[in-house]
Amino acid sequence: MDKLNSKDIYDIILLINQYIAENKEKLSQLDAVIGDGDFGTNIGRGFETAVKRLSTVDPSKTDIGTILMIVANALLESVGGASGPLFGGLFINMAMSSLGRSEIDLPEIVKMFTDGFRGVQEVGGGTMPGEKTLVDALYPAVEALKQAANEGKDLLTAFREALLAAEKGVKSTINMVAKRGRASYLGERSIGYQDPGATAIYLIIKAFYDHISHR
Amino acid sequence: MDKLNSKDIYDIILLINQYIAENKEKLSQLDAVIGDGDFGTNIGRGFETAVKRLSTVDPSKTDIGTILMIVANALLESVGGASGPLFGGLFINMAMSSLGRSEIDLPEIVKMFTDGFRGVQEVGGGTMPGEKTLVDALYPAVEALKQAANEGKDLLTAFREALLAAEKGVKSTINMVAKRGRASYLGERSIGYQDPGATAIYLIIKAFYDHISHR
Amino acid sequence: MNRPDDIVREMLEGMALAFPDIIRLDSQWNNVYRRYRKPGNRVALVCGGGSGHEPAQAGYVGYGMLDAVAAGHVFTAPPAPQVLAAINEVANDVGVFVIITNYTGDVMNFGIAIKMASAKGVKLDYIIVNDDVSISDISKRRGTTITILINKIAGAAAEEGWSLEEVKRVAQKVLDNGRDIGVALTPCILPTTGKPTFELAYDEIEFGIGVHGEAGVKRMKYIQSRELAKIMVDAIADDLKLQKGDEVALVVQGTGGTPYMEKFVFYRDVRMYVESLGLKVFTSWIGEFFTSLDMQGARVAILRLDDELKRLLVAPAYTIAIRTPGIVVS
Amino acid sequence: MNRPDDIVREMLEGMALAFPDIIRLDSQWNNVYRRYRKPGNRVALVCGGGSGHEPAQAGYVGYGMLDAVAAGHVFTAPPAPQVLAAINEVANDVGVFVIITNYTGDVMNFGIAIKMASAKGVKLDYIIVNDDVSISDISKRRGTTITILINKIAGAAAEEGWSLEEVKRVAQKVLDNGRDIGVALTPCILPTTGKPTFELAYDEIEFGIGVHGEAGVKRMKYIQSRELAKIMVDAIADDLKLQKGDEVALVVQGTGGTPYMEKFVFYRDVRMYVESLGLKVFTSWIGEFFTSLDMQGARVAILRLDDELKRLLVAPAYTIAIRTPGIVVS
């Protein structure tokens, strides 16, 4: 029971798309202050494309990896900018980790997210926490999942802790100086503003948590 | 005693320049609403040029017509737009009317202004009162001077009445539909705004009146 | 910008520094002449008007177009003595042709200059351009983009050695067959006062504007580029009574502050609508030709062509802003 | 504008309608190719990036410059699969040279595409352009106007049949000898959100901006064009260690919404200051080359020249935005 199956992942993707769409303007606004203002529009278009392509997919007959690969390709092909390869890299690695699987348990989920995180790091050129990027939300969330799994907690608790960690991570970006991406041009002037990429990661984790808690 | 001599005319020109300069922004603002916003700058530059050229002129050795011709040429050469020829035409005719004279009395002043008014009308293509132009201030002012002269009133009274007439004329432009110049493109939408050219005529008459009343 | 009063002179100095092979500046009057005079047995073309409409008109001085331009202050017709100086500079035996935009100030100052030049025996003729279709009273219509097409076509004719009468005839033909209309999405800011020329809400369009930042003939709610293209083209097509099968030149331009992107989106919409009416597009000019400082907006002009106009339209020209063949957009 | 999401496609359609002799549009990807392919024994040049910088880069496709451009959404690097499609379209035996502006998104997407194309056996090399002098950390410097000069000079070399190695060498030489800097007087408005990209008071200048409406490296009080010219030229001259007697090309441009008038006033000030430093101006480009939507502002770029660069800079080109000889400003 304490697993996620293809249908769960499918529904979670729909929920991610909904959350991103609802926050499109806000995400672009965050990007406008320290970047170029396109983040919400672009990532929004990406998940919209993903969901459109998934509409012809029957989750009961498709493995998790394939579903996530469709998402990854949609993001890679339609987002562009920095976030296209970054979120694309996240989902490609998550897909590779779950290819052929129709359900995954918490340890497998931890592995999937760890692989995804490595994908982001690779594309980003070795991005580390503290550089005011989406890594500042993703890394603590993955760590929280890992710890929860080690402590034998259940799926819901694991994602509750991941969500709290992601939220704290997002907030922590406010006081950071950007070291990567467009915001880094501002140097010290980037202090005081929240990173849009990290905010999107928070919404993704939230979709996982909300789905699990409501099913 | 109830005459204007070369020195009076010279000082009146200085005063006109001062009044126009003080109201430059306001005149441009009036023009911006129903025209293209350059009137104050242009007419300001014109009188500034006139005063600069007059600075080497000794009014005690120069006739009224010559002084006014210097003003007319400065306006014609440096103002441009519609107001350059219009105010240039006003001053050319006033100059012609007073060439060789070192003082003029009220009937002569009336003639000088009547000639000036004709100059404006000619350049304007037969502009009549009621078309929301400078004629709506100039025509009643000239009529008031004429009537005062006919009734044998003194110079100061004549110009007080001319000033009141000009002021009334300026106000009357507010409710008119522009029929001439750039404001006429607006048609009915020109209603509600005061004509900048008429406003400048009011300032000119006011300089005559203020000079006479203070000397 | 440095001192607002110097802006026109400094701009013309910049143009002369950048294109010393094309123009020469008379800085006493802010008049611009061809670097190399045309032969004396060719009609000389004089144009001018207020500044703030660049590349109009100094950008059109050169081979195949204008010989002299009198540049006034921002949005201010040049004074008559300045125009007279421009006419005198290029006066010759075969004649001077003066192209005047229909604004009170231009008509007055150019009119006085023409009278004075004629009185001194200069052979000349002129045209008053009133192509702006947004005003129904034809005598009040303003001179806009068709002025540039007259510069081009009459300029090519003059370069070929046509007589003054013939140059005037072809200029009149362009005027009879060309119309323009403009809209603004923002006002422009006068460098002299630092103030906008009118107030416009974010979601409003000022329809039927002139080129001086003066308000237009009506105000409407924001509509899409496609619908705007239709309304503007219709206004011109009705007035010119364009017929299916007519061949036309299309001019689609920004108004000085319009981004490149919007110009090409709008061009696409205009072109598609024009073709849907059964008109044939012979050539298109897309860019900035007769602007209003930094205003964001668009103008459309259409010229109905015959073989004579087509040939002269694509005849060689070498000026700062227009070099044919091949109008370049930058 | 119609639907914000369609703006890039519709713009490219407009360009293809207006210049069917120069470009061809692949509307599946919003890739722009030359209308007529270059011979297969010539190095092909691929460039691209987010839109909103027009005429960059689609305006530079054509004879003597680029072969393919991948146009992303507004201010958004094109996705890697789109870039890959552009590379594949022009791939040939002698090689593909890819010109990348140094932005995270461009570097990532072009980088992935290059890896994928190489893996499939396409012969290629690339350059990452980082010419924006306002950032002191050289690895972070953005790619701006020098990209266009590389398009021009490497494009001329490729057209002459140089090898991939030689094309790369001359591109690198342009990068080593060229720098750019920009300022904004207003932010730009994103068509997708309708919002300005930053807030700027009327009397403030944002100094050291990129080309995406992102805020610059510092903010300063409004100063005159003359002083601004000095600060901007000095920043470049110091970084390039320009010496008295050096010959240079000067690029002075608006940022999309800058009125013509201001460009020429500013050009005059830049040129006069550059000459006062004892530099010799070989040629000037004045206009709009790498813009930021409707932003009002200015960029200055200087390229130190030798005989090789001079020859390639004025070599023939026929694109929408640049046609040499004779850069045309419109």
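Order of writing sets the labels: A, B, C and D. Residues in every chain begin at 1.
Please note the rule applied: contacts are C-beta pairs under 8 Å (C-beta built on N, C-alpha and C of every residue); 3 or more make two chains touch, one makes a residue touch a chain.
Given the structure is predicted, the values throughout are model-derived calculations rather than measurements.
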* Which other chains touch chain B while also touching chain C? -> none
* Structure fact -> Per the C-alpha centroid definition, the whole-Å distance linking chain C and chain D comes out as 30
* Structure fact -> Cα centroid separation, chain A vs chain B, in Å, comes to 74
* Quick one: chain A and chain C, Cα centre-to-centre, how many Å? -> 55
* Junction residues of chain C - those touching two or more other chains -> 74
* Where chain B touches two or more other chains at once, by residue number -> none
* What kind of graph do the touching chains make: line, ring, star, complete, other? -> line
* Pairs of chains that touch, anyone? -> A-D, B-C, C-D
* Which bits of chain C are touching chain D when the two form their complex? -> 1-2, 7-8, 10-15, 17-18, 51-52, 54-55, 59, 74, 188, 191, 224-226, 256-269, 271-272, 284, 286-289, 291, 293-294, 296, 318, 320-323, 326-330
* Within their complex, state which residues of chain A touch chain D. => 25, 28-29, 32-38, 40-42, 45, 76-86, 123, 180-182, 184-187, 189
* Quick one: in the complex, what on chain D touches chain A? -> 5, 50, 72-82, 103-105, 108-109, 112, 135, 140, 142, 190, 192-193, 195-198, 210, 212-217
